[in-house]
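Dropping the structures in below, format is structure tokens.
What follows is a pair of complexes built around subunit A, which joins subunit B in one and subunit C in the other.
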Partner chain A sequence: MNTTVMALTARALLGRRRVLLLLPMPLVLIGMTLIGSTASGVEASEWGPTVFGNLGLSVILPLTALIVGSSVLGLEIDDGTITHLLTKPLPRSEIILSKLCVAWLVTTVATGVPLAVSALIAGSGALAVGLVAGALLGSLAYCALFLALSVISKRPVAVGLVYIMLWENLLVGFVDGARVFSVQQHATSFANAIAQSDMLNDTVPVVTAMIVAAVFVGVGTVGATMKLRSFGLTGEAT
Partner chain B sequence: MTAVELDSVSRWYGNVVAVNDVTLTVNPGLTGLLGPNGAGKTTVLHLMAGLLAPSQGTVTVGGEAAWRNPDMYKQLGLVTERESVPGFLTAREFVLASAKLHKLPDPRAATRAALGIVEMESAQDREISTYSKGMRQRTRVAAALVHDPTVLLLDEPFNGMDPRQRMHMMELLHRMADEGRTILFSSHILEEVEQLSGTVQVIVSGRLAASGDYRHIRRLMTNRPHVFTISSSDDRRLATVLIGQESVSGVSMADGALQVHASDYGTFTRALAKLAKKSGIRLTSVLPADESLEKVFSYLVAA
Partner chain C sequence: MPDTPTGVIHDIGYQRYEGPRLGRGYATRSLFTRNVRAAYGLGRSAWAKVLPIGLLAAASIAALILVVVNTQLPIEVIDYVGIASTFTYAATVFVAVVAPELVSTDLRNNLVALYLSRPLRPRDYALAKLAALATATFVMFAGPMVVLFLGMAFSTDNGFAGVIEEFGGLLAGLAAAAIHAAVLAAIALPFASLTGRRVFATGMIIAVSLLTAPISAILQTLSEDAGGQLAGLINPVNLLNGVDRWLFDGGVFDVGPYGAVYGLVSLLVIAVGTACTLLRYRKVKP
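Let's look at the complex of A and B:
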């Protein structure tokens, strides 16, 4: 881990307008929780699964991780400032791990905090803790995948969206086994193992979820490091 | 003494050959990498800087492989042509970050020294996004210099600089070359290269067209007549004497001076003074008219 790389990454990420994209989603989440909890005669178990599961862990967490994970290194590759980092005597793994760490932290804060606030509004402290834990695990696995995508693919956001929309939200509904490779399911299982709440609908055993998520993190980190090691700049005609 | 060496290096993108079987050595001192637009200069620099894998051949910097060897950057600095600087940082922050990434023992002192070399101290605390092109360029040079590298590669360093900044940069490069560093800069502007350095590597269509001192390269081009502008006490009579020589292929009079096309450089230059003396003509000036880099370059590109 390299603190200079981390500091530069954090400044680049939080200093850009792109970070504003992260604001509306938590606001919608908290807003919907407020509506649900203040509406009279409606049980939390009726709207809870939709807000925390279908919106929080299924949409807000992956999209936030996609924006952040694909930006921490992807933006530098796009605008060419990556050469400053590449022409330093740094092990490539150090660059990837530092970037991943920042992405993980930012995604966890951007999703964990609003999820916890919503859970507390809904009146469940255990759910809040569970959701933060789920966000922690999910952010790490998602960010590792999307960071690797940003080094491997020229269109990391498009590929990431295909994974979130097609695999996690569509295929999982038809093919049972697909769940095992869905980070969203990992996050839900982990969250519910702690929260034990009927608001979350987990379908993968928590041990399986943790193992597969760890494999994702490992594969993503190693893949990104290896790709960065042989990262070639395209020679622009001058 | 750190040399950059390319040994039978080729690089292609799909079907396009960007660099074709180039073997060259860049020694300490100032060397110009010259070539028309699209000749492959940037590709050669990126290969040297380890940012591109050679499709064939080997690239070494100070004997170490350039590709997939981050440790090499301890002795190498690169200023790319693409103006890629994080605009949200100030020059000081940017150079300091470079110093820290190089894990220098005293990054702050190194930053101060590097910014001093490029004379950017007065604007060092302003954001880079507010800088002129020349200031950004100098900031990038400072960042490339902060770890005191023995090899410095610069891609089109004078692009977008005003004449004063250009002069400043030229002085800086000269000074660093005099300190024993290996400095290679690319350019497609001949005057820049001519002013800066006698040693050139000329790349034309991905191939190394010539390498060495351009005046020497010119002399080796024996298939092209050498042109001399001569003035003497009696130009007309000298013309008649010279046209009788085997080594002279043509003589013309223009603007009160004699232009001589010599087919054999060595024989002609040795014979000229003797012939003039024998004929009682006093030579006042003998100037090679096509030993400029521009002429040499045009011959190479046309070849």
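Let's look at the complex of A and C:
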């Protein structure tokens, strides 16, 4: 880990108006929870799964991780400032780990806090703890994946988007086996293992989820490091 | 030595251009065709083709499978409008990937000013980009429909009448596809034209379609008939499914008596999206 790299990354990510991009999604989540909890005559178990599962863990978490994870290093590659970073006498693994660490922290805060607030509004402390844990695990796996994509591919967002929308949201509905490789399911399982709540529908055993998520993190970090070692500086993607 | 002048001005043959000047319409048409091609990565590197062509191929293969299912089962499981409804979700992925390619890269490389230094007006630029995105999205829907039509036409039992019947279905499907393509393009392009970063452009477009889906679902669970039937308006996919239900009796979204509202809102989305794009390009920088 290198604190200078981390500080610069955090500043590039959150500086100026950029941080405002992260604001709407948490507001929507908390807003929907408020609407749900104030609506009369509707039980929390009716809207809860949609808010926490379909909105929180399967849209807001991956989307935040996609934007953050692919921009921590991707923006530098786009701008060409990666050359400055690569010419410094730093091990490539240190660069990747520092970037991953910032992305993980930012994503966790941007998703975990609003999820916890929503769970508390819905009146369940255990659910809040579970969701924060799920956000922690999910954002680490997602960020490692998208960070690796941003080094390997010239279109990290497009590839990440296809993974989120077509694999996790569409294919999982048809092919049961696809769940095992869906970070969204890992996060849900992990969250539910702690919260034991009926608001979350987990489908993957938590041990499997943690093993596969750990493999994702490992492969992502190592892959990104390897790729960065032989990184070729090219122009804009054509 | 007499001081005779030694400097000579050589005539090196500069000439004025006297050929035909092709003008604004030609430039707009060129921009349009180039961008439809660019949307599918034609004339670009192999990696640029992978995603758009891959999506189109996957959709066509799905249509081929549907042909088999349709002909083997006694009932028809999906028709042409059904394809437009079901594939809308995949099409939002397509516009979220392609719209930033079309406009954000121009902003990023400061190309807009170069385009506008030609006879092309800002309005032409904006409309050409919008039309190109809509056309590319339309192809995304039309490809699988044509596959389905060919499959069904060859396996029809009623001879020529059956083919004609299938053709009528295809026309309805293509009309639905045109509406879907126009709405999706009108939503995506204004967002993409705000930023030169493809990351943020894609993020914004996809947030609109992904984020609004659960919101629409929550509103449906929370409210009674009318509120639930109108809740689809805020999500592009549900909105378009509502239009399909209203116009073609297809679609998977229950709109109740409010079909016309869905049609009206779709028109409004197209109009507002186009207006926003035009307004955006009155200045080069966002």
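The rule we apply is simple: the second predicted complex is superposed on the first by the 231 of 238 C-alpha atoms of A that agree within 3 Å, B and C clash if a C-alpha of one lies under 4 Å from a C-alpha of the other, contacts with A are read in each partner's own complex, and residues count from 1 in each chain.
One rule holds for everything that comes next: a contact is a pair of C-beta atoms (placed from the backbone, for glycine too) under 8 Å apart; a residue touches a chain by one contact, two chains touch by 3 or more.
In this text, all values refer to a predicted model and were calculated from it rather than measured experimentally.
Asker: Will subunit C clash with subunit B on subunit A after the two structures are superposed, or do they fit?
Answerer: fit
Asker: Going by the contact rule set out at the top, does A:Leu21 touch subunit B (first), subunit C (second), both, or neither?
Answerer: second
Asker: Is A:Met6 in contact with subunit B, with subunit C, with both, or with neither (first, second, both, neither)?
Answerer: It touches nothing on subunit B or subunit C.
Asker: Examine A:Ser230 and indicate which partner it touches, taking first as subunit B and second as subunit C; both and neither are also allowed.
Answerer: A:Ser230: touches subunit B, not subunit C.
Asker: Once the structures are superposed on A, label A:Val222 by its partner contacts, choosing first (subunit B), second (subunit C), both or neither.
Answerer: Neither: A:Val222 stays clear of subunit B and subunit C.
Asker: Between the C-alpha centres of subunit B and subunit C, what angle is found at the C-alpha centre of subunit A, to the nearest 10 degrees?
Answerer: 80
Asker: Looking at A:Met210 after the superposition, I want to know if it touches subunit B, subunit C, both of them or none. Which is it: first, second, both, neither?
Answerer: neither
Asker: Tell me which partner touches more residues of subunit A in the superposed arrangement, subunit B or subunit C.
Answerer: C
Asker: Which partner chains sit in contact with A:Gly36 here, subunit B, subunit C, both or neither? Use first/second/both/neither.
Answerer: It touches subunit C, and subunit B stays clear.
Asker: With the two complexes superposed on chain A, say which partner A:Glu46 touches: subunit B (first), subunit C (second), both, or neither.
Answerer: After superposing on A, A:Glu46 lies in contact with subunit C but is clear of subunit B.
Asker: Enter the shortest inter-chain Cα distance between subunit B and subunit C once the structures share a common frame, rounded to whole Å.
Answerer: It comes out at 9 Å between the closest C-alpha atoms.
Asker: Take the contacts of subunit A with subunit B and those with subunit C, and give the residues found in both.
Answerer: Subunit A residues touching both partners: 236-238.
Asker: Would you pull the subunit B residues touching subunit A in the complex into a rising list?
Answerer: By the definition above, subunit B touches subunit A via 11, 13, 18, 37-38, 40-43, 46, 49-53, 68, 70-74, 76-78, 80-82, 84-86, 88-89, 97-98, 100-103, 143-144, 155-156, 186, 188.
Asker: In the complex, go through subunit A and note every residue touching subunit C.
Answerer: Counting only subunit A, the residues touching subunit C are 21, 24-25, 28, 32, 35-36, 39, 42, 46-47, 50-51, 54-55, 59-60, 63, 66-67, 70-71, 74-75, 78, 154-159, 161-162, 165-166, 170, 236-238.
Asker: Spell out the residues on subunit A that touch subunit B in their complex, using ranges where they run on.
Answerer: 2, 4-5, 7-8, 11-12, 15, 79-81, 83-92, 229-238
Asker: Can you check the complex and tell me which residues of subunit C touch subunit A?
Answerer: Going by the criterion above, the answer is residues 44-45, 47-48, 51, 89-90, 92-93, 96-97, 105, 108-109, 197-200, 202-204, 206-207, 210-211, 213-215, 217-218, 221-222.
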